[in-house]
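The structure under discussion appears below in the form of structure tokens.
Naming follows writing order (A, B and C), and every chain is counted from residue 1.
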Amino acid sequence: MSATTPDQHAAVPAPQHQPYRTGLDTNVMGLVIFLISELALFGAFFMYYAYMRTIRAVPYPGTFDIPAEATSINTLILVLSSFTCEFALLWLVRRNHWGVFGWLFVTFALGAVFLGLQVHEYMIIGFTPQDTAVGSIFYALTGLHGLHVFVGIVLLALAMVRAARNKWSPEKHTGLLAISIYWHFVDIVWVILFTVVYCLPGVVG
Amino acid sequence: MKSIKVLPLVIVSSLIGAVVAVILIVTRTLPTQASAQATNIDNLYIYFLAFSGVIFGIVLIVLLVGVYRFRARPNDTREGKPIHGITWLEVLWTTIPFLIVVSCGAFGWYVLDVDDVSAEARKDGQNVHIVGYQFGWKYTYLNQEVGLQEQDQLVLPVNVPVRFELTTNDVMHAYWVPAWRMQMSTTPAQTNHTSITPTQTGEFEVICAFLCGVGHTGMNSSIEGSIIPKVRVVSQAEFEQWVAEQKAAAEQSTETAQTTDAAA
Amino acid sequence: MTTALKPTLARCLWTTPLFAVIAALAVVIVRNVLGMDPVVQMSTLLTFAYIFGSIGFIVGIGGFDYWWKWIIGSDIDPNDHSQHGAYSWRDYFRFNTDHKVIGVQYLVFVFTMFLVGGMFAMIFRSELARQGSEQVLTNQQYNSALSQHGAIMIFVFMVPVFAGIGNYVIPLMIGAADMAFPRVNAISFWMLPIAGFIFLSSFVFGSFDAGWTAYPTLQDQSPFGQTLFQIGVIIAGSSSIATAVNFLVTIVAMRAPGMTLFRMPLLVWSNLATSALVVAATPFVAGAMFMAMFDREMGTNFFTTAGNGSALAYQHIFWFYSHPAVYIMVLPGFGIISEVISTHARKPIFGYRAVAFSSAGIAVLGFSVWAHHMFASGLESWLRVPIMISTLLIAVPTGIKIFSWLGTVWDGVVRMTTANLFALGFIVAFTVGGLSGVMLAVVPFDVSITNSYFVVAHFHYVLFGGSMLTIYAGLYHWYPKVTGRMYNEKLGRWHFWLTFAAMNATFFPMHYQGLEGMPRRVSDYAAEFAWSNTMISIASFVLGASTLIMFYNFIHSARHGKPAGNNPWGGLTLEWMLSSPPPVFNFPVTPRVIGGPYRFGEEGAKHAIIPEVEPAEVEKVGA
């Protein structure tokens, strides 16, 4: 450590981490590529679900009906939160940091409600992760998504801390933008999950 | 000047490659061909060796000649020719491999198709259910007239198509009889199928080809001291005799069991 | 005392156990609250302790320090480069954001693991040297040794070694100051020692013994070490995803002005294709590992027979990653070969665009061939022919590359340096591996021979004859750039010829063993294989010993080699325009790329120029 004194750095020019040509924000680009990777992780679980339900034709454990209607409300909540998250960015443009805070809080609260309802569903659904392969994958898919929502609301909480301290500005808000992109991603995955896991069994049987 | 000589070189090297291929084909060391399928698969192998030899010959000899002829002398400051590509040549070496792999695919598909004798076996052949376990095999003859349960040894009549159903109750195994060129796994939670027509009488090695635990090595009839019985292919008459013997033995053992029960 | 708080390895010594103990306690508390029995379940406890201990290590080494300050809103200086660059050997043992330091860290670490993985191969080859069972190892130990060999070689050697070479070379080649995310880069390196440690520490818990593929349901029977295998794979996988994201962004966004896509060196092209593969494929292995781990530790039924699960589903998901992984392990090597052959044969790469597009083609096709590992596994029968066709087709772009390299050698001025020897040796060995690959793609032939030593021979020709020789070629090629000194050419040749001869002597006879009926992963064999196995074992020991020559050569030459100068090979790409080793922040002025990367033989042709003054800099001063 002792060898690395700041003085030695003073002589060399600062490196450029921003692109020379494309002008794209590397942070956002990196996030998007990372989310593609995340989508592939969900893809592994979706692939398993599709394989087990179609080629293997394994039914849900017991004679249980997936609570599609109750979960629809949950879906609405999450879709709504995607809009409220975007409002935070709109309020940022107006340089109203308490407005940003407020909308972030609404998003946070909607996410928390979503998680609560999800846990409630686990309690009433009538099968456990140990009940056959389809029980396992149901919990794995919704659980993996729930974990992403949880990470999302933690990030939102941290963004709220920075918003309260007025650390975001229209000029410097990559972190906030990243969180909102992530939140939209979580939302999109949920819509896919809702369609595949909750709605399709009702249609296809 | 130099590029003109490439074509003769390619021809010569492909001829040398062909000679190598012929040597490889003649000296091939495969187990005996004990099934109708084995002949087809070996023909496939001979075809592979033929084009592989030629391609390998071209790559190796063109490389060696090229490296020798265009080697740098000590303190050589010359540079190579600024050739960035020759389109027709690139098209050629895309097309030819493409044609070769397509021919492989066609040949493979054909062999896959003719090797499948499960329909014949279902109609008037043998049907055997194989259960792989740690560490051995159990055979159940599904045909009514045979009807043997849980045998330790597989005995089959020669020249009769056989259809196998393979399954397991523990872990994945793979039922491999090299002399038949046949391998199929016993995958947990599902039944796999394969079929074969034995064409040679005798005893053949049966090997578990998939890692299945500490006893995997021993699950191989060719290992010294193995307790796994080899596969036996016999004439139709011998087979019927064997079936009768096994049935008698089975009846006797049930009778003994019943008498022991009664005695108890 | 203060060193224990600063981001150093010393801080890891207390953060790692702290996180592990907290996680273990949390597990006990949660189990107590939920009324689960028993409250202290060792395997669950250890699973969480290992996962959180790993996070603790990253915290300790300083991976999150900067972001933590940013999150809590502390003042941070984006231009703080105190973690950048190496000024003494100690800087290689800390969290360092310099891509060149990270590259060296990667290479040193993965080659240590290479020795360990090779040692396991030597150990089980000594069991195989003579006919007879349980001579050196018990069957249990034998299975552990072969599983460790596979897992270490693939997950903590072959995949990350290219990340190491890429890390060092790519930012230099594209004229960037560093990778796009230097901190992520450092974290992805530090995840690897964790993964390596987890693999090896599994010996305390009975190791893992279900092969590197770890198919269920066999892996359900393995000791706790199997769970550690899964955690290790997930961590190593996360590391390679993070690196791939980094490479993608760096290559797409941070190329020097003038470097269009078709002016990129081919190593950059192949890393672009590889990174795309990693990003899209690696999560699948993580998914498979998570499910298998849940089956083991939580009693779920993803792959169990009893719970309607499907063991075949594991194979589908696993190979959906692990076949592309083969291209992940060889595509960057193709890039290295293009660089090495072109530079040492003094000739432009023959058919640059075809070679570049074939990388992309392999990457795309690579996703459609996974099930060829499962022809004899009871694969859905309608999938067999399509997969056979796509597998065969992948030979075409690979063939294009081989022929293009031949075309590059032809009419060149071929310098037989060690790097080039390895590159040329690679062409020969990889052709053998490629041809046996075509054979194995054909379903009827495959099912007659799969899981035999023929397959072992095939993938060792691809991974040793292919990837490993490219790695050696790359190491010898860029060694002068990294150390600033030349290696001993004579020792290098010895290394090549011994390695090449021993490699062929080791792996070629395996084709015949497989064809004659020797299954893989066995500790004993029939009498007919006795003499060939003895010969193979002897050759494999020679192969193992030959690597020591390289280690001696590199370690000795780093001190005592002749100074290399900036450009010992006369390369045209950007890294050769810098001093050896390059300055801490690479380019003093952003270079301008003015032509293709392989303009050998053109009078006075240049790939790039480094302007005297940064034009933008002048404007800034003026303003």
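The rule we apply is simple: a residue touches a chain if its C-beta (ideal position, glycine included) is under 8 Å from a C-beta of that chain, and two chains touch if they have at least 3 such contacts.
Given the structure is predicted, the values throughout are model-derived calculations rather than measurements.
Enquirer: Determine the shape of the graph in which chains are vertices and touching pairs are edges (line, ring, star, complete, other).
Expert: Chain contacts: open path, no cycle.
Enquirer: State which chain is most central when centres are taken as means of Cα atoms.
Expert: Chain closest to the assembly's C-alpha mean: C.
Enquirer: Hey, how far is the Cα centre of chain A from the one of chain C, in Å?
Expert: So the centre of chain A lies 30 Å away from the centre of chain C.
Enquirer: Roughly how far is chain A from chain B, centre to centre by C-alpha average, rounded to an integer in Å?
Expert: That pair's centroid distance is 49 Å.
Enquirer: Could you say which residues in chain B touch two or more other chains, in rising order?
Expert: Residues of chain B never touch two or more of the other chains.
Enquirer: Residue numbers in chain C touching 2 or more other chains?
Expert: 303-304, 308-310
Enquirer: Which chain A residues reach two or more other chains?
Expert: Not one residue of chain A touches more than one other chain, so the list is empty.
Enquirer: Name, in rising order, each residue of chain C that touches chain B in their complex.
Expert: Residues 131-133, 138-140, 142-143, 209-211, 215-218, 221, 303-305, 308-312, 345-354, 376-378, 384-385, 388-389, 392-393, 395-396, 399-400, 402-404, 406-407, 409-416, 424, 427-428, 431-432, 435-436, 438-439, 441-445, 447-452, 512, 515-517, 519-527, 596, 599-602, 605.
Enquirer: In the complex, go through chain C and note every residue touching chain A.
Expert: Counting only chain C, the residues touching chain A are 3, 6, 8, 70-73, 79, 81-85, 87-88, 90-91, 94, 175-178, 180-182, 184, 241, 244-246, 248-249, 252-257, 279-284, 286-288, 290-291, 294, 298-304, 307-310, 313, 316-317, 320, 380, 583-586, 588, 590.
Enquirer: Which stretch or stretches of chain A touch chain C in the complex?
Expert: Contact set of chain A toward chain C: 1, 3-4, 6, 8-9, 12-17, 19-22, 24, 26, 29-30, 33-34, 36-38, 40-41, 43-45, 47-48, 51-52, 55-56, 58, 129-137, 139-140, 158, 161-162, 165, 167, 175.
Enquirer: For a test of understanding, state which residues of chain B touch chain C in their complex under the given definition.
Expert: Residues 2-3, 6, 28-31, 37-38, 40-41, 44-45, 48, 52, 55-56, 59-60, 62-63, 66-67, 70-72, 76, 78-86, 89-90, 93-94, 97-98, 101-102, 104-105, 107-109, 111-112, 115, 166, 169-172, 174, 176, 178-179, 181-185, 187-192, 194, 205, 207-218, 220, 222-224.
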